[in-house]
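Labels run A, B, C and D following the written order; every chain starts at residue 1.
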């Protein structure tokens, strides 16, 4: 992917996202969720979106706010139902949003496959369960596997800790979660970071997402949300 | 994998390797090659080995020395023929060693699949070439793929830069190459490092191979070989 | 409280009749005692998290959390709380020396690839053949949510279950066959409950082996369970 | 030496008849001029490596080497030489600011996943339909060795070939169909040679488009090649 753009505002960073787009949204619960990009996406107005994420929103912030704004057609995730997912729960029960549940590791591996040019893979997870129903299976070396296909995003919206001006990224602790995988699986990868540093100051041995995967970067002020009863 | 053993000598580190074992050997050319472990393996005496590596030895050292000692039944690699691979070339032309050539990326991805519990994967590399002959193919979304299976090792012999006492590893520059992947694909992973440091001194954000993949570690003196005309 | 370590399978069933059933805290201690030293363990969200409180530093057990970390420490308190550092239950935790962070694909590759020694999960039902149901009640008004349950169920070398033996309505949760939607097939090896510890699995041909009982005899258990119980 | 940049495809074939064929160094400069600014490029071992000498810092091109690095710098000299830092040809190289290291599976995922913009490879033969043969002569006494050639051939968004147009025996290397064992099917988009630059590929129905010639006219090329040449 050619040179990374460094943008001044989250609004510039999400410019051009089309109605109906598939968007990979980083984060595990609140850790690593790109709050500023999602808020900008709400302002930007794209609708009828397919969201791929681990959860379906917490409280009234982040993905939950996007859902509440009525912009989401479908959620593909591993764990929508949480003590603080009332926004999603209400929309789902009212038939206003579709849901596809995927095991967490398959979600990650299917996005990795998309980024790595793998056409499909035989996976042992979910064999014999309702989540494998209707899928192709095969015995390999005496074990049963389910055939899983890549999940590619038109956009990936992720949060990282630091970027250099070239677009290399490092993350912070378990906020890393889906970011590096989604960065590889999004046609256009948009990243919010807490800090942009000069190129050459990140340790080349410790770069987690090389700049080749990063299209747009915006620096945002640190914000941390806490939602009571989150899990 | 349970607790990593820190051993005093390379000979202790390779103890117990059986005749006929499949051994993944790290390194790309000379960078990242576990010279001391291979020398110890030659002393140890295991024979009839199947070696999985990128190359088939350079000059008279490392893998070339193991081949010369007559311990190798078969080499599975991407690039055996080099200007300095005379040991392999001679054995091969004399019919004394089998060869299976695999594209370099498939070699890496097939070991990654072994480590990641993937049963098989559809890969676009080598479609329509002699290296895909006899393999299952499938059209997915208008593109043709070849079905590739995991490559698992009974042992992985790799070189890293530093280990902590728990077995976490970091590498140095392009000597990283196959090490992290082989560490996941070996039933028993044996690592030579230039330095063992106290647990807690490696940056947790920069650990490349977590200790769970590492069974035995031995610290060795730095040795660097240069072979004229290596490529 | 001292409870005999139950790992001595094959050495006979131990009936603890001098006491009532275990509390969940006591059960956590029993499981902690059964986890071998120096292994890599994932503790599922909910009750299994409590096992960590009973692991000693000497055991050298390394905890994995599937959101991307090895070397997870105890829950964070006060100033230690960092929103970027949580466990799979999204509870703030701490980092121990020797920790390592990795992304989700690497974390689940670690699980799926069979590198974890033990994982301990909660359950709605476990079948004699090792089938597990712990993600969905199957009620039509339930919103399904699986998280990492299916990955954990098939990934670890040993899958332990921590649960009460009976549901609130008194029905057994150790059953001849699961009626709830499955999480994994034949994946459980050991079931730790307040009333007893059992070995199950696909090799046992419906024959559940009783390792220990708490506050109830094997014969009394036979009358309350629909599975065939064998002495260990 | 100044040679017109050839990227202006569609604006007509340019015949450079005031000179002889290009040297490999000149060809490297032509290719360097055609690589867009700010893109990610892999230069295959052998002649394509020379293109790096003609890339300017202002172009902001980032070089990938498949043994596990982005941000590769020029060949290392003297004290810079470090046996742990080599390119895919195992030649010692240097590291530029903003470099990143990764392991082989990640490096080839980057290629296979279509993230590299351009890769430049050598070739034994290229066919009009974009088929590439560059790994094996097919001679029975040859030891086959593929390395990353097949991964690169199918991985990059644009695959450029750098080669002489004719083999030492005078036979053309741009052919109606490859007779050597294939490296990739329909994967090449552009062929840079000493005698001319061509666009090929599966969409062209055997119709090779001539972007530029050096020291030879299009009509003279038609008499020496077995492929149908069209003006750009």
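Following the convention adopted for this analysis, a contact is a pair of C-beta atoms (placed from the backbone, for glycine too) under 8 Å apart; a residue touches a chain by one contact, two chains touch by 3 or more.
Quick caveat: nothing in here was measured; it's all calculated off a predicted structure.
Engineer: So using the touch definition from the top, which pair is joined by more C-beta contacts, B-C or B-D?
Structural biologist: Of the two interfaces, B-C and B-D, more C-beta pairs touch across B-D.
Engineer: With chain centres defined as C-alpha means, what is the inter-centre distance between chain A and chain B in Å?
Structural biologist: Each chain reduced to its C-alpha mean, chain A and chain B end up 33 Å apart.
Engineer: I'd like to verify one number: the distance from the centre of chain B to the centre of chain C, where each centre is the average of its C-alpha atoms, in whole angstrom.
Structural biologist: 36
Engineer: Let me have the rounded angstrom distance from the C-alpha centre of chain A over to the C-alpha centre of chain C, please.
Structural biologist: 30
Engineer: Send over the residues of chain C in touch with two or more other chains.
Structural biologist: Expected reply: 95, 101-102, 109, 111-112, 155.
Engineer: Could you list the positions in chain A whose residues touch two or more of the other chains?
Structural biologist: Only 109, 112, 116-118, 123-124, 171-173, 204-205, 208 qualify.
Engineer: If two chains touch, include that pair; go through all of them.
Structural biologist: Pairs flagged as touching, ordered by label: A-B, A-C, A-D, B-C, B-D.
Engineer: In the complex formed with chain B, which residues of chain D make contact?
Structural biologist: So the residues of chain D in touch with chain B come to 45, 65-69, 82-86, 89-91, 95, 101-105, 107-109, 111-112, 131, 136, 141-151, 154-155, 181-185.
Engineer: What residues on chain A touch chain D, complex-wise?
Structural biologist: 1-3, 112, 114-118, 164-166, 168, 184, 199-200, 202, 204-205, 207, 210-213
Engineer: Going by the contact rule at the top, pick out the chain A residues touching chain B in the complex.
Structural biologist: Touch list, chain A to chain B: 109, 113, 116-124, 138, 140-141, 143, 145, 149, 170-173, 203-206, 208.
Engineer: Flag every residue of chain A that touches chain C in the complex, lowest number first.
Structural biologist: 28-32, 54, 78-82, 89, 92-93, 99, 101-109, 111-112, 123-131, 171-181, 208, 224-226, 230-231
Engineer: Inside the complex, what are the residues of chain D that reach chain A?
Structural biologist: 36-40, 60, 62, 64, 70-71, 95, 97-102, 109-117, 155
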